[in-house]
């Protein structure tokens, strides 16, 4: 049954159907609506048995999730922006310990300057923390990916972040088919932890590991991520069979087969991008769009397969690495043979600046005409820059 | 014939041998079937007060929980010396996550057990003073105010010994550490700084707060048993001298802990729901100087010249404790 | 696609209005997307929310830049921000005011601006001057896209009981007032 529902509430209802046993929460915009809704579900008894723990920081939120997961509970939390950074140490710990925690990241910029609006700086900053990262294109995907995330996390014993654009998705009310409780139960078996804190079989979890084995631990972490590439694709197929609708697995190609130029992007900007490409296709510009659902692991082979012989790649980035440029671009360059292709980075929508069809059309027109530079900041306000420069001189 | 006074105690203690007690009053450690929760073979230094305390705490907690115990450990000496991969000294379920999050991780374990209806299993968190009173303090306070069903034990050796003896919020005034060096006109740690974690714990009005030392291990066991008989957030703060960090000989660890209590510099007490309910009276009151002299971290108070001014300030602090916790009001 | 922009002040239910409009459209079998202008605005600050309605799934995520309809929940905003910016050539505007368009100095715009005393209707029916439900009723008269019945259903679903009934009454009265203005103008 479809509902006209806020993205955050859709995610909360879906997470509840995944039957987490411990949910911990610390408020930060724009994630708060999700845990608020979950707190009501627990308090009212609709989600039971479940402990809802109001913690004193994001660091504690992840730590409570770590303890809960190690004790065999399905654990969930949500955060954004500064909160994700504040739990950074615990993120590495959760993945290092192989704890299948699922967390929503309501993507938001990182300060200073403080900014509560959407971009991908938060999740991208944690790209190497060993978590799987899945990005939702719309609220249907945001809901569905959580079901897939719990299954994936528990199968591989590794934590998964579901990234959904803050405000743009979390606060958007649109039609979502909530995953049915029966189907979720069919798709997501009971959590069987690989290791468990159990007096009947005491184990030591989190021992100190020296140079003699640390490299091997990291190698295995990489192997887990590579194993996830295959699992994500399979689980997406299985999701379709169970729920009767597709969920994007590793990548989602759109009009790529005959495209000269393929635009690669993550998250909610894909919708606007597809509308823009449709408009430009009418004018005869052979464009395609490739959405990345999985960013960690990086789906290099799926990308290579989807972009085919496209001569030009535009990577639309919602975050960037100062002093380098595009973050996704760098991964792409490392993963793909780029010889014979031109790769452009377009940094767009930082700190909530709207990414409009008009601006995208300008950039893509320039790309198709071969006049787009290697690194472009979309809608950069030159007047503001001159003003700032003048202030600095004074 | 002149009667001879029989001394029941050795090394100056008043402890009576277990064999004179009925079986149900004997120490957990005297039980040959005790769990040995922290078993031999670990890598602690000779004379480590923390290893001794942890063994007593965990075996008592294991007995109190009938073997249904899960432990969470902060980063620190205890974690490092007990789990050199691929070995472990722990014979209890044991989880180490990070330095600053042990109370929160323990809260998570407790929440999971509650959600799974495994409430027969009890949770014990443990860490050093750095992990407890400094970097983990926010998590500890959060665990306290939520009333999570966890006994948290702080093994206080008054500094960051694992990283090379740096100052913590539990380091006493005038003590030399590697970040409060014994140089300049006011050598060692600064006066007027530091905090009492037990008193702050009491301010949370949690069911049980107690202090103990390794000088009175039977008292330590009793306090673990008492804490385990209650539910909710409970806090036990144990003074554990560190030969490395304090500059004392390995054989004097217990004696130094005893002098800490006998001088009044470390008050031993219990509190329930935020109210002081009992304090252990000093049985042989000593000046703080007896305590300080055994530790190289205070050597600059005696060499090259005696710093009476500084010693007097430390004595004043001990006297304040004696008054505040009524340490000389009972038998003296 | 039909795009609506709603202006108001924090606390006036601007975001709720956009959401209810989307729910009403959803009930008529259409696709709809409602979203706020994502600020950290406090009570009383200018707030904007958007709603898109279409026959097909909506992928677009940019703000509504060329609204087909604009709702102004607080008449004082007319002097403070360019609330009519980007109005589509045949777009319509509904202002919460007991005064006429001429009295507000908005006589231009080819008669595409309408007023309705939504706060007063709310005060009369609900007991509080929360104009959003009444304005949705007025908007239903203007746009035809979402019938009054769907608006009523959305309001009732969101506010069960007496509060819902009162808001529905305010919406219905606003609908009829705007409907009457439309008729009048078509005869003029």
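As written, the chain order gives the labels A, B and C, with residue 1 at the start of each chain.
Please note the rule applied: a residue touches a chain if its C-beta (ideal position, glycine included) is under 8 Å from a C-beta of that chain, and two chains touch if they have at least 3 such contacts.
The chain list, named the UniProt way, goes like this: A = 2-ketoisovalerate ferredoxin oxidoreductase subunit alpha; B = Pyruvate synthase subunit beta; C = Pyruvate ferredoxin oxidoreductase subunit gamma.
Since the structure is predicted, the reported quantities are computational estimates derived from the model, not experimental observations.
Undergrad: So which chain is farthest from chain C, going by the mean of the CA atoms in each chain?
TA: Centroid comparison gives B as the farthest chain from chain C.
Undergrad: Give the identifier of the chain nearest to the protein's overall CA centre, each chain being represented by its own CA mean.
TA: A
Undergrad: For chain A and chain C, what's the span in angstrom between their mean Cα positions?
TA: That pair's centroid distance is 35 Å.
Undergrad: Quick one: report the Å distance separating chain A from chain B, using the average Cα coordinate of each chain.
TA: 45
Undergrad: Which whole number of Å gives the spacing of the CA centres of chain B and chain C?
TA: The computed centroid separation for chain B versus chain C comes out at 66 Å.
Undergrad: Per the contact definition, I'd like the list of chain C residues that touch chain A in the complex.
TA: 18-19, 22-23, 26-27, 31-36, 38, 40, 57-63, 65
Undergrad: Per the contact definition, I'd like the list of chain A residues that touch chain C in the complex.
TA: Contacts found on chain A: 2, 4, 6, 29-30, 116-118, 138, 167-168, 171-175, 268-272, 274-275, 352, 354-357.
Undergrad: Under the definition above, what is the set of chain A residues touching chain B in their complex?
TA: These residues of chain A touch chain B: 21-22, 24, 49-51, 53-57, 59-60, 63-73, 75, 89-90, 93, 97, 197-199, 202-210, 213.
Undergrad: Note which residues of chain B are touching chain A in the complex, please.
TA: Touch list, chain B to chain A: 67-70, 72-73, 79-80, 83-86, 88, 90-98, 100-101, 104-117, 121, 138-139, 141-142, 146.
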